[in-house]
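Which chain is which? They are A, B, C, D and E, in the order written, and residues in each are numbered from 1.
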Amino acid sequence: MSDLHSPSTAARQVTFRGGGFAPSSPRWIGVAVFVVLLSLAELGTRQGWISPLTLPRPSDVLLTFQELYASGLLWAHLSVSLTRLLVGAALGASLGVATGVLIGLFSYVRAGLVPLTAALFPIPKIALLPLFVIWFGIDEGSKYALIAFGTFTPTVVATYGAVDNVDRSLIRMGQSFNLSWFSIVRKIVLPGAMPGILSGLRISLAIAIILLVAAEMLGAEYGIGAYILEAGSLYDLERLFAGVTILSLLGITMSTIIGQIERRVLSWRQ
Amino acid sequence: MDIRLSGVSHSYDNFEVLRDISLEIPSGRIVCIVGPSGCGKSTLLRFLGGLEKPSRGEVLQIGAPPSDCLNPLTYIFQDFALLPWRSVRGNISLVLEDHGIRGARADGIIADVLARTKLSDFAKALPKQLSGGMKQRVAIARALAVNPAVMLMDEPLSALDSQTRELLMDDLVNLWTRTPFTAVYVTHNLAEAVRLGHSIVVMSRRPGEIREVVHLDKPLDQRQHGDPDLEEKQKYLWQLMREEARAADAELVHV
Amino acid sequence: ASGRKITVGALRFTSHSGSFIGFERGYFADAGLDVEFKFFQAATPMAVAIASGDVDYAVTAMSGGLVSLADKGAVKIIGGALSEEAGIDGQKYLVSDAAYQAGITTPAQLAGKSYGITTAGSSFHYMGSKMAAAEGIDLKFKPLQKVGAIIGALKSGQIDAWSIVPHLAKPLAGSGKVHIIGNVSDYLPDYQVTTVFTSAKNASAEQQMTRDFLAGYSEGVAEYNATMIDKAQGDEGVQALVDLIHKYVYADRPREKAAKSIINGTMRLNEGAAMNTASLQDQLNWFQAEGLVDKSISLETVIDPSYVQTLG
Amino acid sequence: MSDLHSPSTAARQVTFRGGGFAPSSPRWIGVAVFVVLLSLAELGTRQGWISPLTLPRPSDVLLTFQELYASGLLWAHLSVSLTRLLVGAALGASLGVATGVLIGLFSYVRAGLVPLTAALFPIPKIALLPLFVIWFGIDEGSKYALIAFGTFTPTVVATYGAVDNVDRSLIRMGQSFNLSWFSIVRKIVLPGAMPGILSGLRISLAIAIILLVAAEMLGAEYGIGAYILEAGSLYDLERLFAGVTILSLLGITMSTIIGQIERRVLSWRQ
Amino acid sequence: MDIRLSGVSHSYDNFEVLRDISLEIPSGRIVCIVGPSGCGKSTLLRFLGGLEKPSRGEVLQIGAPPSDCLNPLTYIFQDFALLPWRSVRGNISLVLEDHGIRGARADGIIADVLARTKLSDFAKALPKQLSGGMKQRVAIARALAVNPAVMLMDEPLSALDSQTRELLMDDLVNLWTRTPFTAVYVTHNLAEAVRLGHSIVVMSRRPGEIREVVHLDKPLDQRQHGDPDLEEKQKYLWQLMREEARAADAELVHV
């Protein structure tokens, strides 16, 4: 049967109908989109069909950015903001992971804390600004607290979801080999929850960056958030956009770093 | 309608999967393909169904399909591929809707294929309510609904437990005996191959080549569980494959 | 008491020059205080920071928030800072270009128009409301939270009117997108715009420190008034003081641009931190009439008149 | 072998070692936690070991709430806020779902828009308030736009993730039956992505509620956000907490409604 | 060490799963349990391993396990249950760590069990790099590492393709022939049961009861693929089960 017969009259190729539904993403298009958008904005503001009230000229934003860099203030702003971000997010995320794991493991903790987290989640942190001053003072404390509070709830939700999703059959395996409770948590539950925790952290860190502005409403002299707020209150669009661009870059950097960590720590994934 | 593969080879990037496969699938017969894991059986089947294109060689269909045939080359998948949000009935009507078959005409076809697969009582059930064997029978019913010229089956029974597998094999033999269909049946299971195949293509391990084609002349409905001559063929096939299988199983998966 | 550490809250406005001069010229040090500034973006957090004890003294408008905090026994007004004074360039009423082109050239013509404020109970709300009452007209108040948002809304003609300090009013009017149509002092002649305040604890238990602070502050104010308004040292003196203030206000702008704004923003600060209790009483009455603060609050709860001279 | 032999000497029960790692959550504990926390706050503020600057008395908050309800203002605030929420979230979510589906289906859209969304995500919406005034005015437009903008990015990310996760074998099945591209999208891709889209919507709606406060910074007279902001600027803690409680309840209601929709629409899930 | 089930019954809420099971598992023998889907085979095995407690009846272990036995009752799972983040070596050392076995002593045990399962070259590989057959051999190696008195196997081969299954059955027979172990082996596959079982327990469909116990006296290492007397037994078992299996397969799943 594997030998070929003489070709019969009505032979035709089987039509191809597969393929598709697997979008790839060549890098250059992303770059091109940014270039096109920025050029449009530049052209529009130069030729006047975009009013200077609506959008600053991209080249002016770049200039502002260079001035900021040259004045040395960029680093002054960035360093305090980064410190706030790191301390606040580290605090919120580590407490969040710990709480999430406890919720994932203990019925009573779950029953008590899940409704509380659900109630805390939709509270806008900026509404509580005046209280944060009273609770944590106007120094770094209140800024750390605000960012920590904002990252805490999403981290908790992501973490206990991740613990819930750890393959129960692996846990049964651990029990069937008489592993201690603590061994099971340390060697099976935590590593198994790691992918979920890391992807939760992606969201938490984006929220932390967003909250930077709210945190720096509280008596901050330096910081990207304070810089943006001041630019906003003076309706200085160039500086506003320069600040926003910095936050945006910060967000992309954070997300890239987590991607790297995932690639390294979760190399065992299929 | 026959199908012919001539000189088909394929590589993914530089990873050679199939090498120079030539094969004819004659109308009204079941051709089984066996071979060790990763030798390219599924890839070959995707070429036959037009879901993928080989790097080299041709896949030809010879002669026209019957006129009442809605989808000449029709798959039955290992994982059933049922839409979990549609009922049994909805899963079958899915493949009719695009041909404009609705209403009473669709009802007629659906009732017929459900009866042939003994599923008439379960038309309204959702996939999650069905056992594995029933799910695969729904997939078979769906394939029958489009009246295929050739059925392409990729390990259709391997997700089932062996008892259900036995039952479904009986069902397939019954279906074929009543109205013979053409099928290419990929399997890992030599018992299935000797039970259902008019001819059995044995492939070497990757890059897959055809090692031997074994013919079985005994009519399907006379083949029995534990027939000595079938056992003989099966033993012969197992000898052909044993070393290949052991080598394939001891290879690290490329990731 | 020498070298006592205190924290002073400030906004980067020229109206806080009294504190800046007091610090730079060493008047606080002379009074035995080691001052550290804390800068804020808005008045309410500063008031809250006084209440929480993070800041000892600060200057800001008597907002509804300040009154509430005073009612909770947390803060006290102990002196006056900026005030309107007839004959001196004070706060201005502004209208958008669109409204101006439509013929609105005096505040009286604003009937039914929209008026930008930061929040209910802010000084903007008070100035608009008192003007409307005086003219017998109705205004639609739009709370926009941030001065920047109000400026944007006014420039693009989405609100009709606003009032603001002269150093912001004048450059805005210069752009042609906004027009000045009146003076706040015409309606509120002795308006006590901002006040000096501290925590209730400082006011009652740290009397010496409070007096020391007010002494240093008053010297700063005196120098500011003498140099900037009365031109006692001529133009040279003005330029020297502008250099000093520029360290704190518009620090990131070039000297020339900043100087213009600083000079434009000159308004008289109360000598000796004297406070106009009549104006404060009027403001309190207004808050109560608007239902913004509790009706039972009396002026005595809010102010401590024992430190400075009271006017009115 | 199934017959029993006479019991030998050293027979003992097999020790039980399974169970655990399946926390349940009895409702009453959640309720109890709230009751305990509120009682503590009440006791503390009454006895004075919680200063009235730190926390309002819960009973006073309740009273404020009742007054608000009695005055009829509750409904005035709530109705405008709900309208803003619904219009803004509906706009943002529907655009987000549409964009997400396009990203999930087309390589060029994906390559162009994914980096753009990643850049937009960490931008704090409050930083852009002054611009929103110019772009969308100070009336309802800017409020809708702000909420829509805030819900857009997370919905996009959730949606294209959901489309990516649609079982490719179902799509191959559709192709193998010669279904048209449009049929495959409508009958396979969209229903398959529904669970992911709905769970993304959960997060988007929480964000919409959080943004209500930011949106109502812009010239809103009525609205829960405006109410909270006024209370904050007057340092009126009772009203601040009454407003925050309303938002919190709103969040829980939203999440419950989505849960109901999921139960109904996704009843086909295992 | 023997194991005895006496009068075991079980219900989940009001859903009766097992009814009055009494059974003895003698030391050094392999007991296979076959039965239709959902008849409670896995549940029964969980009782044997102490992972769950029956509503009624007793599960007893008679006599002490050997002193060098770290985990008397040890499972081998259908889905392998390997930690994907640990290498082959790490997966085995996992079950030793809790007994304080580390360093050279652990290395010795791991090298021994890897050699017995022919995995010595793959100690550093991650599970994702292994084929299904290798994964299950790692799971067997892990079970051997704790020197179990009884191995509890829940369809250990059913996730594998049939060629790999054949190979692993040979491996299991070799392992048992060298050092006989006690095992309870749950399967759907009658061919596996007649190949590996010293006795075969046939269960009825849910609620599971013991229908018959079939004994096979032929030594394991003399059993061949396609032995006529084994075929005979298998045919007999299939007759016992056919109707039950069909009925079980046509039931809607309770969700």
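Points worth noting:
The rule is short, and it goes like this: contacts are C-beta pairs under 8 Å (C-beta built on N, C-alpha and C of every residue); 3 or more make two chains touch, one makes a residue touch a chain.
These figures come from a predicted structure and were not determined experimentally.
Shared contact partners of chain A and chain B comprise D, E. If you average the CA atoms of chain C and of chain D, the two centres end up 41 Å from each other. With centres defined as mean CA coordinates, chain D is found 46 Å away from chain B. Here the CA centre of chain A is 17 Å from the CA centre of chain D. The multi-chain contact residues of chain D, meaning those touching 2 or more other chains, are 17-18, 53, 129-131, 134, 172, 175-176, 178, 229, 232, 235, 270.
Along chain E, residues 49, 51, 73, 128, 255 each make contact with two or more other chains.
Under the contact definition stated at the top, the residues of chain C that touch 2 or more other chains are 44, 48, 51-52, 65, 146, 148-149, 151-152, 155-156. In summary, the structure contains touching chain pairs A-B, A-C, A-D, A-E, B-D, B-E, C-D, D-E.
Contacts from chain C toward chain A in the complex involve residues 9, 38-42, 44-46, 48-49, 51-52, 54-55, 65, 146-149, 151-152, 155-156, 252. By the touch criterion stated above, chain B contacts chain D in their complex at residues 49, 51, 71, 73-75, 77, 79, 81, 83-86, 94-95, 97-98, 126-128, 146, 152. Against chain E, the residues of chain A that register as touching in their complex are 169-170, 172-173, 175-180, 183, 187-188, 191-192, 194, 266, 268-270. The part of chain A that touches chain C in the complex is made up of residues 53, 71, 73, 129-130, 133-134, 137-139, 217-221, 226, 229-230, 232-235. The touching residues of chain B, counted against chain A in their complex, run 2-4, 6, 22-24, 26, 31, 46-53, 58-64, 73, 199, 201, 210, 213, 215, 255.
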